[in-house]
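Worksheet for the structure shown next.
Chain naming follows the written order as A, B and C, and within any one chain the residues start at number 1.
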Amino acid sequence: MGRPGIAWAVPGVLFFVLFAVGPMALVVYLSFTSWDGLGAFPSVSGTGNWERLFDDPTMRQAVWLSIVLTAASWLIQTPIALLLGVWSAGRQKNRAVLSAIFFLPLLASSVALALLWKSLLDPNFGLIAEIGPWFGLEDGNLLGSGRGAMAAVAFVAAWQFIPFHTLLYQGGARQIPKSFYEAASIDGAGTVRQFFSITLPQLRNTIVTSSVLMVVGALTFFDTVLILTEGGPGTDTTIVPYLMYETGFQAYDMGYASAVATVLVVVATAISLLMVRVSGFSSMRSTREGM
Amino acid sequence: MRTALLGSAKTGRRGFRRRHAVTLTAAALATSLLAACGSGGPGESKADTLEVWVYQDASTKVQRDAVERFNKNSDVKAKLVEVPGEGYQDKMRSAMGTPNAPDVFFNWGGGSISNFVEKDMLVDLTPEFEKDAEFKESFIPSILEAGKVDGKYYGVPMRGMQPVILFYNKEVFAKADAEPPNSWEDLLGLIDTFKKEGVTPFALAGTDAWTELMWVEYLLDRIGGSEVFQRIQDGDSKAWGDPAVLETAETIQDLVDRGAFGKNYKSVNYTADGASTLFAKGKAAMHLMGSWEFSNQKANQPEFADKHLGWTTFPALPDGKGDSKSVVGNPTNFWSISSKLKGKQREAAIEFVKTASEDWYAKALVDNGDVPTTSDSEDLVASHDAPDYAIYQYDMVRDAPSFTLSWDQALPAQQASPMLTNIQKLFNKQISPEEFVDAMKALK
Amino acid sequence: MKTATRPEPRPEQRPRPTEPRPRAPQARNDRGLRGRLRSVRKWNVPAGVASLVWLVIVGLPLYVLVLTTLRDRDAYFDEGSLALPGDLTLDNYRKVLESDFFTYLLNTAIVTVATAAIVIVLSVGVGYTVVRTLSRTSQRIFQFFLLGLAIPAQAVIIPIYLLITQMNLYDSLLAIILPTAAFCLPVCVLILAGTMRDIEEEMYESMALEGASQTRVLLQLVIPLSRGGISTVGVYSALQAWNNFLFPLILTQSRESRVLTLGLYDYVGQFRVDIPALLAAVVLSIVPIFVVYLFARRQLVNGLMGAGGR
C-alpha cells in the first residue's frame, strides 16, 4: 500500500530548523563574539567569554541557585500534588468543587501571578505585613533576605504549578483499576498500606512524567524572578536564565550572555536525551502500551 | 493518561464537526497571519514622520505639547511614543539595534549613548550649536557639557534639571522636635532620634539599586571630591582603588548598621512609588532622591507635597575633600537624533529638538513643576508654583562647582549594570567594602 | 511505557479522566463500589486535611486579590489588605479598560490563535510522516525533534533577537508567533505521533483499497481519528503563546503590538503605586481564559492532561 513521503514533514522541519535549531547554533557562535547588540552580524573575537564564564562567581552562584530552586520545587510540589491529585480523584461532589477552585491559579499567566504575589509580599502594605507575624515574620520582609526571596520564588512557582501536577496525578489515580483496591480490602490492608502498596507504585509513571516536567519547568521560572525579585537582593535569586537576561539585555554584553545561554541549551539537551532514554519516547511502540 | 485521552477521543462524536474544525483552523490561521503582518509592520520608517521616544512620567506632557506645536508648522509630523518608565533604558537599547530604532529619543547623555556614538548611530549636533550661537547660549553651559561624548555634542537638554536632593518630612521632624542636618554628626544623631520615634530615618528603595547609588555618589563626592569619579568615567578603572572609594563603602555599611534605612529597605521599590509612599505617609523621615521627587509627590500626594515636604543639601563629611556645594544627579535629559535620518527628515528632527530651547518650552517645564536648564530662566523660575523649591534648585545647580552625572548613566551599560548589582550587595552586606572595591576594579 | 503492572482496560471501560460524577448505572447497581468509596474517603484523610490547608493557601490570596481591586487606592494603604472595605468601587477596572486593555487582549488573541494554528498544521504533517513513513529518515526527523523537548525558548532569546531583527520583524506580532510556535513543535510532534500510532493498520488498508490518495487518508482518516491529540496540541501551544512574556518583552516595543503579559508588566510603570488598579489588570487578564474554562472545561483539562502525558 502507499505510504506518505517525507514531503509532509518538510514544512515543519524547515520551520523548526529556522526558528529553533538555527538559533541554538547561533547562540554557540555568539558566545565566541563580543557582540553588544548593536549593528550587523558580529565577528568572532575569541574564547574570552568562556574563560570568564568558568571564573565567574556570579555564574557559579547562579548554577547553584538553579539547582536549589529545581530541587526545592520538586520537594514542595510533588508530595502536595500527589496527595491532592489522589484525593481529588475521588468522585464526590465536594471534591469536584474544590478541585475546580484549586485549578484557578493555572488560568493566570506567570506575569499576572508574579505581580499579584509581589503586591501580597510587599512588607509595608501587602498581605504579608498583616499575616507575616503569624508565621514569625515580624517585619514581613520575606523578599529582603536572600533565603526568604528564594523561598518566595519557590512558593509562588509551587502555587502556580501544583494545580497542573495535581491534574496529572488525578488522571493517573483514576486509571488505577478498582479491583486492586477491592482485593486489598479483602486481604484486610489498611488505608495507609493501600496508598503505599497500590496507589504509589501504580502512579510510578505519572511521578516520572510530572517530575520531568517540573525539572524542565524550573528552567523557565525567569518571569517570576524578573518581576518578584529582579534577581535580588543582590544576586541571591539570580538563576541562570535571569543572569543571561541581565547580562544580555541590561548590560548588553550579548557575547557573554550567549555563553551563559549555551550552558542552558546544553543542560536542557542533556535533560531531553535523558527523557528520551528513560521514557522510550522515540521507539515505535504504540502509546496503547500506556504511560 | 494519554491513553485515556485517546479513548475519549475515539468514542467521541464524529461527523460533520470534523470538516467544520478543519475549515475553522485554516480560516483562523489565514486571518491571524494576515492580522499579524498587518499590525505594526516592521521597520516602515515613513519619510514624512518622526518617531520620538520619551520616558513616560509626570513630566511627559511638556513633550506632548512640543510635538503638537511642532506638527502644526511642519510637513514631517512627529509621533510621540511614550515608553513606561520601568525599562525605558532597556527597551530603547534593544530597539536601537533594530530597524525600528526611534528617530529622536530621550536619554541621559554620557554612557547611556556612548555605545551608539561608537557605532556612529547618532547625529553629531556640534555644527548646529556652532552655527547658531543663540541656540547654544540658551542653555547653562555645565549642563550642555554633560551631554558631550568624546568632545562632541549629541544631545539637546529637554527636561528639567535633576540634582539629587535630601528631602525631609516636616511633619515627622516637627513631631520629633528635630532640625534638618547641617553636618554629618547631625545626620548620625537624627538616625538615633527617629529610630526612637519608631520612624525609619531614611526611605530607601533597595530593590532599585540606582536609588542606593545616589548615596554612594554623594558620599564619594564629599569624601574624595568630584575628581575621583571623573577619573573613573574617563576610563581609568584603577581609580576605583582610590582610598576614598573604600571609605565610602565603609560609611555605607556603617549607615546600614546604624539602622539608617530601617529593616525593610531591601524589598522597597522606587519605580512603583514604594519609597515615596513610605516617606509621604510619615513612615520614613528623610529621602535622598532626584529633584523629580517633588513633582512625583505632587502628583500622588499633593497635600504632603504642598505642606510637609522639606529639602536640604547633602552634608559634608569630617575631613572630606569634597565641596558640600557639589551636586550629583542627572544634569537633565537630552534629545538625540538617529543618524539613519537623511535629508528632509533629518532637518525636521533638528528643528524639533531645537524647540526645547524656546521660551514657551522652558515656561511649560516650569508650569509642570520642573526647573529648566535654560540660562535665562531666573525670572521664569520665580513663577514656579513652588517658587522656593524651584529657586533653591536653580541656585544649587548654578552655584555648584561640579555636577557629577549619575554613575549608571555616565558609564557604558556593560559596566553600569554590574556596578548596580555590586552596590546593592554592598547595602545588603552580602559583600564587604574591600570586596566591593575589588569587584569594581575588575570591571572593564 | 511499561505495561507489566497494569492490565490495560478496554477503551470503553476506561474511566473518563474528568467525569465529575460517578456514572449513574454504576452508582445505582454496584453496592461494592459504595463500600469502596467509603474506604477511599477514609484512607484519604491526610489528603483531605491537606486539601483544606491548600484551600486556604489558594483561596486567601485570591480573596485579597479580588477585594483589593474593589478598593480605592488610599483605602488600600490605610485599611490594610485583609479588612473589609468600606466603599466598594469599580473605578480600578475602568482605569484598566481605558488603558489600551482591549488592544493588548486582541494582540494576545491573535498571537494565541496563530501560534496554535501553525503548530497544529506543521505538527500534523510531521507526525503523519513519522508514523506512516517507514524510512530511516523519518525516524531521524523524529529523534531530531525529540532533542528539543526540554530546551526552553528563553535560552535562545539572544540569537532570536538577532534573527528577528535581521528578518525585519522586530516589533511585529510575527516576531512572537514564529519562535513560540517553533519551540512548541517537539512536544506537539511527540503527542501527535503517539496519537496517530493508535490508528489501526486495517483502517489504512481499507482506505488504500478504496484507492484513496495520501491527502485523502490524512484528511479523512488520520486527522479525524487524532482529534484528541490535536486538541491537546492546540491547548498546549495556545497556553504557551498566551503565557509568553520574554519574547514580547524583547522583541516588541510599541503599544500597537503589545500583548497582555507585557501590557501587565508595563502597567507597573503606568499605575505605579496604584496597586488596586494594577491588580484589577491582573484580574482582567485572567477573565478571558476563565470564560474559556467555564465553557470548555473538559477540553481544557483534557488538553492539559494530554500535554502532561506526553
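To be clear about the criterion, a contact is a pair of C-beta atoms (placed from the backbone, for glycine too) under 8 Å apart; a residue touches a chain by one contact, two chains touch by 3 or more.
Predicted, not measured: the structure shown is a model, and the values here were computed from it.
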Pair of chains joined by more contacts [C-beta pairs], B-C or A-C: A-C
Farthest-lying chain, centroid of Cα atoms versus that of chain A: B
Euclidean distance of C-alpha centroids - chain A vs chain B, Å: 35
Centroid distance [mean C-alpha coordinates] between chain C and chain A, Å: 15
Separation of mean Cα positions, chain C and chain B [Å, integer]: 39
Sites on chain B at which at least two other chains make contact: 1-4, 6, 94, 97, 274, 277
Residues of chain A touching at least two other chains: 37, 122, 125, 168, 171, 174-175, 249, 287-288, 290-291
Touching two or more other chains - residues of chain C: 8, 14-15, 17, 77, 118, 121, 161, 194-195, 198, 250, 265, 268, 305, 308-310
Chain B residues within the chain A interface of the complex: 1-4, 6, 90, 93-94, 96-97, 115-116, 119, 121, 206-207, 209, 263-268, 274, 277-278, 283, 413-414, 416-418, 421, 424-425, 428, 430-431
Sites on chain A touched by chain B in the complex: 36-39, 58, 121-125, 139-146, 149, 168, 171-172, 174-175, 206, 229-236, 246-247, 249-253, 287-288, 290-291
Interface residues, chain A side, partner chain C - complex: 1-6, 8-13, 15-16, 18-24, 26-27, 30, 37, 41, 80, 83-84, 86-88, 90-93, 96, 98, 100-112, 115-117, 119-120, 122, 125-127, 129-131, 159, 162, 164-165, 167-168, 170-171, 174-178, 181-182, 185, 190-192, 194-195, 201-202, 204-205, 209-210, 212-213, 215-216, 219-220, 222-223, 227, 241, 244-245, 248-249, 254, 257-258, 261, 264-265, 268-269, 271-273, 275-276, 279-282, 284-291
Residues of chain C touching chain B in the complex: 8, 11-12, 14-17, 77, 107, 110-111, 113-114, 117-118, 120-121, 161, 165, 168-174, 177, 191, 194-195, 198, 219, 223-229, 231-232, 250, 252-257, 265-270, 272-273, 302, 305-306, 308-310
Residues of chain B touching chain C in the complex: 1-12, 14, 18, 21-22, 25, 28-29, 32-33, 35-37, 39-43, 56, 81, 83-87, 91, 94-95, 97-100, 271-274, 276-277, 281, 300
